[in-house]
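So, here come the structures, one by one.
Each of the next two complexes has chain A plus one more chain, namely chain B in the first and chain C in the second.
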Partner chain A sequence: MAVTDPISEGRLQAPFGQTILRVIATFGSIAVTMLGLLFVTFVIGRIMPIDPVLAIVGERAPQATYDAVYFDLGLDKPVIVQFGYYIWDVLQGDFGDSLLNARPVSEDIARVFPATLELATLGILFGILIGTPLGVLSAVHQGSWIDQIVRFVALIGYSMPIFWLGLMGLLIFYGLLGWVGGPGRLDIFFEDIVPTRTGMILIDSAISGHWDVFRNAFSHIILPASLLGYYSLAYISRMTRSFMLEQLSSEYILTARVKGLSERQVIWGHAFKNIRVQLVTVMALSYANLLEGSVLTEIIFSWPGIGSYVTTALLSADMNAVLGGTVVIGLIFVCLNVLSDLLYRIFDPRSK
Partner chain B sequence: MNTLSKLLSSGIISLTTALSPIASLAATPADTLVVANRIDDIITIDPAESFEFAGSDVSRNIYQKLVNFDPFNLDAGYQPEIAESWTVSSDGRSITFQIRDGLTFASGNPVTAEDVAFSLRRAVALEKTPSFILTQFGFSADNIKETITTDGNSVTITTDKRYATSFVLNCLTATIGGIVDMKTVMANEVNGDMGNEWLKTHSAGSGPYILSSWKPNESVVLTANPNYAGSAPAMARVVIRHVQESASQRLLLERGDIDVARNLNTEDIKGAREADGVIVEDELRGRLMYFALNQKHPDLAKPKVRQAMKYLVDYKGMESSFLDGQYVIHQNFLPRTFLGAVDANPFSLDIEKAKGLLAEAGVDSLELEVGVREAQERIEIAQSLQNTFAQAGIKLNITVGTAKQILGRYRARELDVYLGAWGPDYPDPNTNAATFAFNPDNSDAANATGILAWRNSWDTGGLTEKTAAAVVESDRNKRSEMYADIQAIFRDTSPFAIMFQRIEQTALRDNVENLLLGGATTAASYWTVTK
Partner chain C sequence: MSEQTLLNWLLTDEPTSRRHARLTRFYQGWLALRANTLAMLGLSILIVLTLMAILAPVLAPHDPFVQNLGNRLQPLGSTDHLLGTDSLGRDILSRLIYGSRITLYIVALVALIAPIAGLLVGTVSGYAGGWVDVILMRITDVFLAFPRLVLALAFVAVLGAGIENAVIAISLTAWPPYARIARAETLTIRSSDYISAIRLQGAKPLRIITKHIWPLCMSSLIVRVTLDMAGIILAAAGLGFLGLGAQPPSPEWGAMISEGRRFILDSWWVATIPGLAIFTVSLAFNLLGDGLRDVLDPKSRGQ
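Presenting the complex of A and B:
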């Protein structure tokens, strides 16, 4: 009797026309999602109790100055009209200027997003490379001391306030041991040495061959990235464990073992193979969460990323910046969703 | 981060540093000053537009002005800087400045009278937020060519009427008085913006430093201006890093990666005082904490009720507890160190006296709403007032909200009581007198929302005229006495209870000397620092 994976049946090739339709449907879905996201954010920005005019003119401005800025921002028009103007500008690639620093929002985002991308990518790598094996190990040794330790580690990652862990990490590894760099992306000795190409210092310094800058940047990023990675690790290991337990209790696994396959083949060749689709979703969600920006991590580590940028903008009533950030974060989620769908097709031929 | 979190983080740092030796200290370069500060309020470096605390610090180190404060002797008032001397016309409306020879901009261009006139005209013509500091003298985009003129190496400014010379000169020490290099700025003009866009992120001054870079919410880097006419600053480079979190600033300081931490909270200041190699310096700033009583409320309009309220504040209790080290008792609208400032603080917590005054006013009980913006120290002050007011039978309901919610109602004259802070716009007594004690039209139709007296519907009862007289008094000493007189009346009669003046506590490495933050009158000087 052959061992048959549940997902290895029904391989069908979609006709070309269907593929085109699917692509169109995907882009249509993305457009509607983005439009809805922008509309909700825009409306919230208009009804929330913060005043973009006061943010610009200051509390002591005379009424005439206040009114002039109010009209200049178009706040006298109905919200739907304001939204229409905004969408028209966005479609032309213009996210507007930040109300506070009067610089184009696109320039600001181009500056802060690479910092977050660099941090989140390192963090998710840490989370995936350690969290996945830990989850498998925990499931395979369910109920053992190994399982207990893994679950305990995950529990701590889930329940500890991030600012506390961040400060503790800084105190121990930076303040006491001096193993890592402190808050910020670089020591001042190394600032402005490497020409900006991608905005990601590790990559820019490697491209330009400034390995001393690379080492310094790495010493600064390793702690916040590990911290973010730990949170991803906690989530990924728990979910991996859960998915694996479900597979390991399936009949086809019992069949495989009866057939005499090695544990390695059973676990990695069959059970793990069948959780890849679910894991992709978990990993994509984790990565998207990290890319969204971890505000507290960015504040504690003085990391100039998109999380603190959008938060500062929100508290300052800088709605152009908030909307620009929302577009980027929304696009990340949508793109990772599309990527997940693509990986589904690779890992699960039935979805074709 | 909430208070518990702050206490927790500070506690952790204190405990851990007490138990374990700090790893081998890093050190900043000998010719570089590294400052951790919250600089997310900077929106531009253009002196015609910059109006924020962190921006003023940067600007003061880049731009010279006609007259300026000597950081080592702020009490001396304005001193010649780009202007070598000045004369005042007999009608008191025109001041002619003789421009000092030998000054150069960072570009190498000489500083001329044309540059001075251009800078002042530009600041008026651009009509940015701080332009009122100059336009209050009658300058406008339409008349600047006639009112700001040059003749050889001198510049004459002509105001719309006679003002105290000290008033005009004090205003010229504000950030907006910074003199820019006309040729460099106009070479970077776009669409008639007089270089405004370019100057947001570049510099064109003649001061000790030039702006190397400004990355919003990240850092500002200043480097020594090779063409500066004065002595070259000991710190060839100043790096101001945006570090939001107090605990992170403290760690960086104790580790030696920064020289100065400017935003430590009370708990971290206490911890920093005990750290090796770190000292803490206190400096009075201009911000005042006050509450105000809306005169549209029939009971609050009674003079004895207003008096009673001032005896229902636990000034000392707050100063020695949650405001410890951050604020000092001060009951006058001019901050200490300002021209005309007085130290009289006659009010203290006296429940019985307050009760007596309320009884004399025929008020048995009262229920009031106080509006407070969501800032921890203000909420704590409101809670303290709630407690002491209750002891005299006044129920105080605290409404906490955002600036839009609270300031909107304050500006609309809707709040019974407003509790908040006020800082001077420029280093002259008129800046506060003209808002606390000046209200020429108290009608709703006047809509003078920028004036605090109007916001509280207070007809100043003669102080408006006294304030108007003080602003044109040419004798500096007499002018100072006039403000002392106004404040004495104000303390007793006004619906404002000024309570505290801000103290800024700065922690720095013990090898940093002569870091002068400018007190209540001006901004930080980095060129004076040595290590």
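Presenting the complex of A and C:
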């Protein structure tokens, strides 16, 4: 992860000056990581075999036009200056124009991102709401058949190609059983009814009171979201299990049992209470991973999110769009990592 | 040497030479692993896969590339085509068998490149310390900060589609965790007494790193590699599925799924069967990896 282990850095009652220093160091390390991330995408953009000028002016442009665009793109400047321009552009949210539709990439990303956000959020909810209790159950009944089943379910989640699972889901629940909607976000005759506000159809349709649209959107999102959620479920349940096992074997739990507390109180009131911070960290991490897992899922389900956007751009060699999407996903990834780390530091007294 | 004396020799507590000690440890590890049914299941699947790849020309009933449009999309269990045929009339079973070669090829290459790169970076970083450590670990962090598949996508976009480029892209995204592990191991080993003793004898850093630190990093790296293999297979299949890995008519499993995707509702087996193959192999690596971790990683033993 991007940030150093909070425990190894933890000190007892750091004085105020040190706290400031640590905050500065944390932000410094975030900044350096992000700078490195931009450097990688910059290098990728530089070494690609496509001439960016030719991609804009076309092959038959006269030399004067070519030169004008060449200077316009700043390609005559030293590489380090170009990198500076690049950072400046990205900081302003400018990823260049898409070669396909000549619109700014940032606008495109802003348009497709809510779809991914909606899918990933529903997915993580699914993962948390089912994965956490499963993990607790598995730890409490360590070694029993319940434990075996939960671990097996997680293991399968780790081993299954996500795009294949999506296909199988479509085949069974849409093709054979007809329980859910097919690929896409809505059936064709429900499209363009609801005015776009947040870009998330479930929320937009609920706000404007179009419950028929809401139901249709729900029937479309439920399958990809739950399959995506299955992956975070695998991770969350595994981590919950090992956190719980650690707590359940400690002495204060023994004390609580000796005192005669009910098993329910021991598990939820004591052991689970102590793993909440660690769990939040895990959840933030798996949320970040979901954004990535959504790339393949979106393609299977024709979901118009950032994953579909990047892969479509990739197949048509639209590098501005690819790199823009990569930067956005990378930045969100870093932010979630940092956030999970900060949550850990703020809420876990042991790390102070 | 009779069998009993060989066993005694292998199980002795007082090895007589370095090689003897290594062999006894190896044998005891094997005994522990052998007791783990699931790990053995994983291992057998992988052995079968390897045999399948080696013996592909013998095992495959048909040529995996020969098209027969009059015979397209035959269902499972049809005569002469046990697993049916795809949209170009090619025998799916034969393609599956030949596809195991590609899977093993990718896995083997990534399993060589990524851990070695990580080992180099990690041990140098941990042993040298100071600003070398800071710079190398920052670079590692940057690569860790990228979501793996997306970074691999961007790399393949630049390098061009193909198996070799997919291997490079996956390796580029896979090395940072190894560097982290190797660095952590190096840091604990570096300050131990026997390293000081070797240094007093006049050993140079290169010798210390290659002869005394690398061997001790091995077991944790092996565990990590085995557990990573599943992810690597899934990533390679994902790239193949997107059309960025192996190119047609190559019988790569991910690409086969992508091909069968168009007929999923009518001819479900075309996409289903390669997916089952990917799932089985990555499950096998996960099972074996879990077992190896129990044997090789004493820290997680007891849990």
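Going forward, the second predicted complex is superposed on the first by the 261 of 352 C-alpha atoms of A that agree within 3 Å, B and C clash if a C-alpha of one lies under 4 Å from a C-alpha of the other, contacts with A are read in each partner's own complex, and residues count from 1 in each chain.
Here, a residue touches a chain if its C-beta (ideal position, glycine included) is under 8 Å from a C-beta of that chain, and two chains touch if they have at least 3 such contacts.
All of these numbers come straight from a predicted model, not from anything done at the bench.
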First (chain B), second (chain C), both or neither touched by A:292: second
Chain B versus chain C as contact partner of A:326, first or second or both or neither: second
First, second, both or neither for A:86, with chain B first and chain C second: neither
Touching partner for A:163 - first (chain B), second (chain C), both, neither: both
Contacts of A:126 with chain B and chain C, given as first, second, both or neither: neither
First, second, both or neither for A:301, with chain B first and chain C second: first
Partner chain in contact with A:243 - chain B first, chain C second, else both or neither: neither
Contacts of A:175 with chain B and chain C, given as first, second, both or neither: both
Those residues of chain A which chain B touches in one complex and chain C touches in the other: 49, 161, 163-164, 167-168, 170-171, 175, 296, 299-300, 317
Touch list for chain B against partner chain A, complex: 1, 5, 8-9, 12-13, 16-17, 20-24, 26, 28-29, 32, 34, 40, 42-44, 51, 129, 200, 212-213, 215-219, 221, 239, 241-245, 247-248, 251-252, 254-255, 257, 401-405, 407-408, 425, 435, 447-450
In the complex, chain A residues that touch chain C: 1-2, 29, 32-34, 36-37, 39-41, 44, 47-49, 155-156, 158-164, 167-168, 170-171, 175, 242, 245, 288-289, 291-292, 295-296, 299-300, 310-311, 314-315, 317, 319, 322-323, 325-326, 329-330, 333-334, 337
Residues on chain C engaged by chain A in the complex (per definition of touch): 138-139, 141-151, 153-158, 160, 230, 234, 237-238, 241-244, 254, 257, 261, 264-265, 268, 271-272, 275, 278-279, 282-283, 286-287, 303
Footprint of chain B on chain A - complex, ascending: 49-51, 54-63, 65-66, 100-103, 108, 111-112, 161, 163-164, 167-168, 170-172, 174-178, 182-184, 187-189, 191-192, 296, 299-302, 304, 308-309, 312, 317
